[in-house]
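By written order: A, B, C and D. Residues from 1 in each chain.
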Amino acid sequence: MHLAITTEEAVAMIPDGARVMLSGFMGVGTPDGLVRALAAAGKKDLTMIVNDAARPDTGVGPLVSAGCVRKFIGSHIGVNPVLQEKMHAGEIEVELVPQGTLVERIRAAGMGLGGVLTPTGLGTLVAEGKPTVEVEGKTYLLEPPLRADFALIAARSCDYVGNLTYMLSATNFNPIMALAGEVVIAEPEEIVPVGVIPPDAVKTPGVLVDHVIKRAA
Amino acid sequence: MHLAITTEEAVAMIPDGARVMLSGFMGVGTPDGLVRALAAAGKKDLTMIVNDAARPDTGVGPLVSAGCVRKFIGSHIGVNPVLQEKMHAGEIEVELVPQGTLVERIRAAGMGLGGVLTPTGLGTLVAEGKPTVEVEGKTYLLEPPLRADFALIAARSCDYVGNLTYMLSATNFNPIMALAGEVVIAEPEEIVPVGVIPPDAVKTPGVLVDHVIKRAA
Amino acid sequence: MKDIQIMDPREIIARRVSLEIRPKMLVNLGIGIPTLVSDHLDESMGVFFQSENGVVGLGHRPPEGMTDRHLTDAGGSFTSAVPGASIIDSAFSFGLIRGGHLDLTVLGGLQVDAQGHLANWMIPGVFVPGMGGAMDLVTGARKVIVAMIHSTKGKSKIVQECNLPVTSQRRVDLIVTEKAVIQPRDDGLHLLETGPGISVAEVEADTEAQLIIEGDIPEMDLSRTT
Amino acid sequence: MKDIQIMDPREIIARRVSLEIRPKMLVNLGIGIPTLVSDHLDESMGVFFQSENGVVGLGHRPPEGMTDRHLTDAGGSFTSAVPGASIIDSAFSFGLIRGGHLDLTVLGGLQVDAQGHLANWMIPGVFVPGMGGAMDLVTGARKVIVAMIHSTKGKSKIVQECNLPVTSQRRVDLIVTEKAVIQPRDDGLHLLETGPGISVAEVEADTEAQLIIEGDIPEMDLSRTT
């Protein structure tokens, strides 16, 4: 059983300089309450691992705009001019990773695998300086696991065991990032009594979740 | 949309010598109708990729007992004396694979990855003759992807798009094997109209399923 | 399906690409022109559209007031789900793409060269949107079609060799512009069709890369239905 | 929880192992003696039991007539699900195991040696059940406890060096028999406790491997509760 905590208590756990996974795809399926509170708390030097930079006011955007981010690891930054500007100004380091490689590297970290062998990126800038491995006559890029100190998860429903469900395309990176954070914090839309979520409907077992954010009263 | 076929039509597609993935864990979550029909059809020289040998009358057991199997690739054969006997008599070749490695090799094949980097098996008989790869100072065994000509899947519900759901511990290898068969044949407990299974409840999207077995009238 | 009176270059491209789609295919459409392709398909074909963010069975954008923030496409826009749609997580979504389960992807391009290499993810020093899912799509889809306007600012986007960073070492299967249908093969770029009212000579003049032209080259037949 | 009057060697082992379990742990219990461990735990501890076949939150075997063939444990026996249980597929299940999410696994053993290596999956030429999930469990779980009868047919199962094929190169964390609690460390096997009514000399006499004995060795306190 988990006692639900407040957003403020969660934010207090996350120090400056932390490596943080943030779920969401163009801001859909992002724990927006945690993002807003982190930005308001003025965190510094965060490394954010997130699919995309979304827009200045969605997804990871508010953290970028508030100057909380030192490094961005993700696959797409095309519609966030604030991030582009900070990148060109040398304020934020950007590491671009193909989306399929990004999610599989996160999964590898969470599932105890040594890395990812993928054909994606071979023969492109992405492959530069990286080892390749030959398997059964085919060449693959070896990409290392990607871990984080914290994984911030947006869930649809949650129970007090920490079991999570997601809704439609707000699922995206959530179930994978929930595997790979040293500390996993879930921000659900609702908390329901234990036993209410059918076992087959659970997408993230509660054993992976460390803290659950309670909704404002 | 898929037109459902009969078990006999499915069995006719599977030639002697085929490489077949069969789901189930101690016979739970195995498509028993297909197994019985394949055994009755007297198929020969099948290579069966399956978690365990179950018992002589469950899971892959009937195929083993009927002499259909030339090679068994799986993780456990401890409670099927018929398989043990045939192995010692040289009638069936047995390749033992750690369970976590087995399922991840199948997933790698289905998801376009070059193989699996796992710590499991290092320093044991399983590692003999296999390459190792070092990543960030740690050593991993490199295990190749595992594919099959056919994947035989037991589902709870199915619609005519081929979307599948599973029930409780009958899930096990089913969603993973459904990724990795050249031809995927699902034997559901029920077929429901399209649109009845909520998108979030689908465990295997119909685009992965080639054929659906209709229930006997 | 839309009416066949098409004059807009983007609609010519979308209509021509739609003719490559077979019933029951699983298709991923990129942002921009590729998105228009679905308008030219009959729903009875049973084609399923996948988006990187995990929707299998994307429908049209719902009417105002019927949108839901939990159901969006890869551009983050509201969408709907067709009957029989399913939701998968990002790892599964890219497993479908990389694992050969995606029959076709249609993407925009900045350049395609004589080897059939596509560049579509960055212009160094100018525009760095990132590759998103493009590298996985071009590497993993069974068939890759580049759908783009033939030239930009008077400069051909079909070049002898890409000077922009390529998206994959995989050769794309077809290039469709408003002026030409071009197929990259081992020996180079084959001109298969010309655009409506465009001559072979015009295509050659407007294309930087050397084109291989064998026999009579027909004009795109956009009155055809799949 | 069971009564503390325990005489059966298997119950001594199960009871002693149960004292290693902390509240809220995720635990995997192997077949045989390990299965008995859960009988000695109070449900208020909130311990979750995982099985390889994908149940997180295994309960007790249901009464006759209330079983369901879709809900079984790793031995294929009928089981039940506790409130808050969840189901995962086999890839996810072994991801939990290999990824360090499993706090504890309790397994049976054929041999454990002075280096703490466990052998529990085959006796070449005699008995080849296969490793099932054991290699992943021993390699990946945060803590590995071997729960086994001290000797078989008068022969110690705690040996100087395994002559059976080992299950992992990882050193197990604790060995619990009806006669002893032994902890493998860098310098060898440390005797931590003796079984009820067993002297240190008896343990030494019944153990093939060299034991390191420092100070007074207490007897297992099975009256303790966790």
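The rule is simple: a residue touches a chain if its C-beta (ideal position, glycine included) is under 8 Å from a C-beta of that chain, and two chains touch if they have at least 3 such contacts.
For each chain, UniProt lists the protein as follows: A, B = Acetate CoA/acetoacetate CoA-transferase alpha subunit; C, D = Acetate CoA/acetoacetate CoA-transferase beta subunit.
Small disclaimer: the values here were computed from a predicted structure and weren't measured.
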item: Pair joined by the larger number of C-beta contacts - A-D, A-C; value: A-C
item: Whole-Å gap separating chain A and chain D, where each centre is the average of the chain's CA atoms; value: 35
item: Chain centre separation in whole Å, for chain D relative to chain B (CA means); value: 29
item: Separation of chain C from chain D, taking each centre as the mean of its C-alpha atoms, in whole Å; value: 56
item: Junction residues of chain D - those touching two or more other chains; value: 55, 81, 87-88, 91, 94, 97-98, 140
item: For chain B, residues contacting two or more additional chains; value: 104, 107, 111-113, 118-119, 167-168, 171, 199-200
item: Category of the chain touch graph - line, ring, star, complete, other; value: other
item: Pairs of chains, among all present, that meet the touch criterion; value: A-B, A-C, A-D, B-C, B-D
item: Complex contact set, residues of chain A against chain B; value: 104, 108, 111-119, 133, 135-136, 138, 140, 142, 144-145, 165-168, 171, 199-201
item: Chain A residues touching chain C - in the complex, by the definition given at the top; value: 25-29, 51-52, 54, 58, 74-79, 84, 87, 94, 96, 98-101, 103-104, 107, 118-126, 156, 167-176, 203
item: Residues of chain B touching chain C in the complex; value: 1, 107, 109-113, 159-161, 163, 179, 194-195, 197, 199-200, 202, 205-208
item: For the chain C and chain A complex, residues of the former touching the latter; value: 51-55, 68-76, 79, 81, 87-91, 94, 97-98, 128-136, 139-140, 165-169
item: Footprint of chain A on chain D - complex, ascending; value: 24, 26, 46, 48, 50, 55-57, 81, 83-88, 91, 94-101, 140
